[in-house]
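What follows is chain A paired twice: with chain B in the first complex and chain C in the second.
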Partner chain A sequence: MAESQAPATPAKAEPNHGMRIFLIWIVLALAADLLIWFVWYPHLPPGRMTSSASSQQFDIAVLALAAAPVMLFVWIYFGYALVNWHHRKGDDEDGPALFGHTGIQAAWIGGTAVIVLAAFVFGTVELIVPDGAGSGEGTTPVWKPVGSNYLQVQVIGQQWQFSYRYPQFGGMETTQLMLPVNRPVQFNVTSLDVIHSFWPYLLGVKADANPGVNNVAYTTPKQTGKFVVRCNELCGIWHGAMYGYGRVETTSAFAVWARATELAEQRSGILRALPPYSLVYDPTVIPQLGVTLTKVSGITGAAGYYYPPQDPVTP
Partner chain B sequence: MSIEIEPEKAQEPAGSGPAGPRPARPWWMRPAFHTGIVGAVIGYFLGHWLGDFLSWGYARNGLSDMNDFPLVLGYVFGTVGWLGGLGVFNDLFRQMAGKPVPVAEEEVASATGLARYFRYTLDHKVVGIQYLVGMIVYFCTGGLFAMAIRTELLSPTYHIMNASNYLMVVGEHGTMMMMMMSSVVLGPFGQFLLPLMIGSKRMAFPRLEALAFWLTPAAYVVLLSAVWLGGFPTGWTGYAPLSVQATEGMDAYAVAFGIMGISLILSGFNIFVTAVNYRAPGMRWSRLPMFVWSMITVSFLMVLSVPVLVGGLYLLITDRTVETSFYVNQLGGSSYLYENLFWFFGHPEVYILALPGFGIVSELIPVFCRKPLYGYRVAGAGMIGVALLSFFVWQHHLFVSGINPEMRPLFMLTTELISIPTGFIYLVAMGTFWKAKIRFTVPMLFAMALYFNFLIGGISGVFLSDVPADTTEHGSFFVMAHFHYTIMGGLIFAFMGATYYWLPKMMGIKLNQTLGYLHFWTMFIFFNSTFLPLFAVGMLGQPRRVYEYARNLQPLNDWVSISAFLLGGSILIFIINFVWSTVIVREKETGNPWQSRGLEWQVSSPPPPGNFEHIPVILSGPYDYGMKDAPPVADLNPPVGVVSASYATAGATGVEA
Partner chain C sequence: MSLPARIVTLVVAFLAVAGGAAFLAVYFIGGNPPVVNYSPMARGGVVNVVLQEDPQNTVSSEPDWVSYFVQDPTTHAWIHTTLFQVPKDTRVNMTILGYDGCTPLRNNYWSKVQGTVGNSVSVQQFKTVGQPLGPPKTVSVIDSWKSCSVGHTFAIPGLHVFVPVASPNTILFNKNACGVSPCTSGPHSMEKFSFMTPDSTGTYRWQCLVPCGGGFLDGNGGPMQTIGFMMGNMEVSS
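On to the complex of A and B.
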């Protein structure tokens, strides 16, 4: 960074000014980077509950390490200029007629290009190595965890709540998201009506839920605890109230919970009533009944009419 | 084959052509604002009736006893009626009937007095003032909606409005601001100053220029009419299929944005053609003011990107009215299609909002540094580079949508590459500040604030362009803070600087400087105090467009809301200053108060009809400050023969110099 930025000050003409700016900058930039790495980064939200969350925080912290010296350089330069090169009373002469300097311009262009390309290479590695970094990777993900021992969870968005199906447990459906610790999870995110976005903030996962599309994202929980799931794409009036809860459990606790829930849903007949597990659903078709409901503009939800007669006060 | 050039005659000031002056009619008989309103009302009811007639068999909304078809036709016919009432089509019909049509210069000379500001006037200087006032009205309306949003967000749970009203306010704020921002510089300053800066007596297409302005009030009214229809739930992006599902307010969004889109395309064409073809002799590409370069690149973006928006909205309207299913997945459409079309427009649009700001500050800093613009070619290359690259980045808005996942590194690269040409703008500024004699005038303070704010906005954009970091930040208040820093912190600060700088030129009236300093400092402090905490709010997990949020975020949100109200107070100071200075005090300023070398400052203020008595011959660049032997920027009274000789030279070499 230092090498690429320093030549941008036209230091050769006035070594005095250039050196002073450089010295102020190098001290402050170093201080800022130390603060970022040792004070800010350990406290960076949302923390390190999963592999993808920690890889994202690492990514943000490294970008901040690069960004802080750049921003400081520009600010220090302008601050220096304002203090030293302002107009003084009685001096109505114009400034020196400098039209440019090829070396400085080339150095600036080269320097910024190097920073940008480095950021690109770093970002690409940080996307590919942590298996897509928790982002929605579409129907056929190219970057996925090694092995096939991952838990599959289907996330179904609809106006205005998320529900979850576990195909490895008979396709049972829950309204809370339960995950085991230290086991890779594959989220299959889809929607029944409009575009939602699945965002369990602490898990560092974000994937849009498109109707008729299976959007896959991966992560591995590393700590047990509670988390909140929010919708992150404007999906209608109750978008602001579309959130739910989830927990990361120990492996044994999760196994107990999953077996109990599957059994309970079997006994109460919920599993039979659910449509067969599939990667996407057309909510206007109910296969058990062999019935296709009337489609109103092809969209479910309030029968095509968006607002109910009176807005309810709470969802 | 040689092009025949008409021999040059001694230039005469504009006068009556063969058609002669038109007979004067009483004011209420002449087409103006009031006849436009009559036309709009008639058009609306005609369109509504026609729509009802054509769609009598369609299902109706049980609540409003309407369906979308008559409403859309009402809006469209109402807009056409508004234009017809304003007299937009009169010359067209005159020409079709074989009657003489007055040339634009003649109309300009015959239009005088305050009434011309309420008419379809072909003078670019009148259109510029119309745009200035119109865009301030737009800005204040959108700003009031922003205040309403911040009022609601004072508490995480206690609600001042209900959920649907909140989304209506969010959508109106976003859409109105986006529509306004696209024209806020191109409209007032582009239309007014561009011919003056390139030494032209007029714009290339005066009728298109006036039409482009008069479409904006129509878009304003149509968009606001959504308030009566329950609003629209999608925000300014209008994502399908939510926008297909929504009620009638959505039609207002689609039609209003479409009307504004047409206005942008027309003014883009006009600016581009004018800048290329109407430059005075000697106005080489290397002497073009940076502001003109920014207008060229912006209009290039508009002409190529906005048609995609208009097309996308048209498909949305047919989905909503006649049951096509371009965007409905279950019926064979694709919700990704809308996202793609929207952002293919939407991302160049973002640079449509950035480039004019760069142009303005590049114009201001040499004047107040009393130094030449450093690296003129780099500045131009920066703008062209940003403009070209901006067509290749749009899918960075869709990083987590599941579309083209393996293309994301490519879009990450193109997005980050844009920071290289954007960096040129900073290099130019820093070089210009080197050993300058900086004068802290109000316009200069606003220009420097742009460099401060845009740096935060731009660097936070690099975080968003990085896919893993974006997975945390996408769709959160972080994004919101980022684009407010670039658009408001960049473009609006530049707009304010430009207003203080060029209003003496445009109106011959100076704005009060004391109020100006007060306006600047309050705006700068409260802008940063409003939007800087929002980066933290986003990182702490608050999604955009929610009206309920986590309880622990209330202190930050309250801080932001109070700062936003104070920011609104700062804008109020500007409005008071504007009205006080231009209506009540009217302190005259006819000369060149900033000692600028710009060509626009070489004529009197406000400029006479026709701008220049004679087409000037440009002798040197606009930024030659500090050069003892620099020739004057232009010869405003060139001897007969020079202009035609310059054309002959250009013809011989094929290029101008």
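On to the complex of A and C.
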């Protein structure tokens, strides 16, 4: 006996989901990008204290501009699907069959490829144009500032304190990093013991301090002010306390400070006590004593061995 | 195994693990040496602090580690600690007795006295207690490379205080170095300097910048990284 069937209700026309999603997405993506560019970008770290900091701030803003629409598309599609295509009570039917769509697939692959290639080109340009973007370029930097009127500053890491030498000012050494505004700076970063990392965050500079290695980084200060220098490589129990301060000063104030510091170090005798300026130092060599301490296996590591047990200066 | 037995086993196992963790935390983290409190001794905005550094620490489980000691201001006994407390906004008159021999600084820049009143220190060497080898000298640099003249340093980086501590006469030290801690006789140096504590309370770490942890990587392990030996804290109280 045939069962009686209810009369079929007329199929409801499906709305154009793709267009709905696109419209929601385009409005929110535009709003997000406008907010990023005009509201967030000016306040993004690391700020605009130096050329490299500015370029890093710009890079982060551009990447955020590119990422926001992608992220919003995923979230909007997810939310739209939850609202419109969730399981409804009494509806036990299978969903519609899924078929490939050449246009969507091509657009997805093409769009992804464009984003990735654009990020590659953008990243490469942003590494080259701002002279290495404030990162350590190793001993033979490829990207340098135009001209040679840059200030050289040697950054010396030691557990757990940074110090700074100025070879253009008699090789004087300080514990506070002072820089002049609007003059390119060449940082020569090295260490006397373990690996440290020189990280004046607001300057947009970060370079590892390796024993026996001269790691070069460039930047040009654009604003005067105070900044913090931190170690960014776990270097021992007091790594967290290995920080200090620095200042970007006007050209004239820097010149006054540099001359006064050099003179004071000449008078105190510490300038004579320092070793000749060198891009790296072998802590096993004491030039003034004319003594090269014997290297003995098993005492220390890193750049060399130190304090042999038979040496009379063994602690 | 019955359900109650399983629950009891689980609870006992949990308590054993938690108890073990608590013991380790208390033993290693809470096991700091005592804090020597100089604050009650401050008079007229001045407090006197006395330290000594020895070539060994025979009152500890690490007798071959170099070590600082802090003098109790009341009993004048030497305490195996590197923690001391001083009042804020106070002039600290520091005296350090250097019983350890010389070691060249890894960075001779630390030969320069920084952050003390007048950026200088007063140095005097002694044959033994009460027998000076000459009058005290006021210096702003103790060049550890020109002659092996620095034993250790006393540095409070947060206050920009960096002081090289002179070593005893090398010949006398090699003949008759103090071998039992805390040292009460033998060749030594006496170094005096002053610095101001900040006008706010806080904890300021201090350390030696001579990598004097002999036998450790770069000389910076062992006593260099252990409270009670060559690093410590200066508590600034209200």
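To be clear about the criterion, the second predicted complex is superposed on the first by the 272 of 315 C-alpha atoms of A that agree within 3 Å, B and C clash if a C-alpha of one lies under 4 Å from a C-alpha of the other, contacts with A are read in each partner's own complex, and residues count from 1 in each chain.
Throughout what follows, a residue touches a chain if its C-beta (ideal position, glycine included) is under 8 Å from a C-beta of that chain, and two chains touch if they have at least 3 such contacts.
The shown structure was predicted, so the numbers you read here are calculated from the model rather than taken from an experiment.
Novice: Which partner does A:241 contact after superposing on A: first (chain B), second (chain C), both, neither?
Specialist: After superposing on A, A:241 lies in contact with both chain B and chain C.
Novice: After lining up the shared chain so the two structures overlap, which partner does A:175 touch, if you call chain B first and chain C second: first, second, both or neither?
Specialist: Once the two structures are laid over each other on A, A:175 reaches chain C alone.
Novice: Looking at A:232, would you say it contacts chain B, chain C, both, or neither? Reply first, second, both or neither.
Specialist: After superposing on A, A:232 lies in contact with chain B but is clear of chain C.
Novice: In the overlaid three-chain picture, which partner chain does A:95 touch, first (chain B) or second (chain C), both, or neither?
Specialist: The answer is first: A:95 touches chain B but not chain C.
Novice: Once chain A of both complexes is superposed, is A:274 in touch with chain B (first), chain C (second), both, or neither?
Specialist: The second partner, chain C, only.
Novice: Report the partner of chain A that touches more of its residues: chain B or chain C.
Specialist: Chain A has more residues touched by B than by the other partner.
Novice: Can A:158 be said to touch chain B (first), chain C (second), both, or neither?
Specialist: After superposing on A, A:158 lies in contact with chain C but is clear of chain B.
Novice: After superposition on the shared chain, which partner residues are touched by A:194: those of chain B (first), chain C (second), both, or neither?
Specialist: Both partners.
Novice: Could you pull out which residues of chain A sit against chain B in one structure and against chain C in the other?
Specialist: 193-194, 236-238, 241, 299, 301-302, 306-307, 309, 313
Novice: Once bound in the complex, which stretches of chain B touch chain A?
Specialist: Listed in rising order, the residues of chain B that touch chain A are 59, 61-63, 162-164, 166-167, 230, 233-235, 237, 239, 241-242, 244-247, 319, 323, 325, 328-331, 333, 335-336, 369-372, 374-378, 398-406, 408-409, 412-413, 416-417, 419-420, 423-424, 426-427, 430-431, 433-440, 448, 451-452, 455-456, 459, 462-463, 465-472, 474-476, 539-541, 543-550, 624-627.
Novice: Okay, in this complex, where on chain A does chain C touch?
Specialist: 156, 158-161, 163, 173, 175, 192-194, 236-238, 241, 244, 265, 268-270, 273-275, 281, 283, 286-289, 293, 299-302, 306-307, 309, 312-315
Novice: Considering only the defined contacts, which chain C positions touch chain A in the complex?
Specialist: 55, 66, 100-104, 106-109, 111-112, 114, 119, 140-141, 143, 145-146, 148, 155, 157-158, 160, 162, 170, 174, 205, 207, 209-220, 224-225, 231
Novice: Under the definition above, what is the set of chain A residues touching chain B in their complex?
Specialist: Per the stated touch rule, the residues are 8-10, 14, 17, 44-46, 52-53, 55-57, 59-60, 63-64, 67, 70-71, 74-75, 77-78, 81-82, 85-88, 91, 93-101, 104-105, 108-109, 112-113, 116, 119-120, 123-124, 126-127, 130, 132-139, 141-142, 189, 193-195, 197, 199, 201, 204-208, 210-213, 215-216, 228, 230-241, 282, 284, 295-299, 301-302, 304-307, 309, 311, 313.
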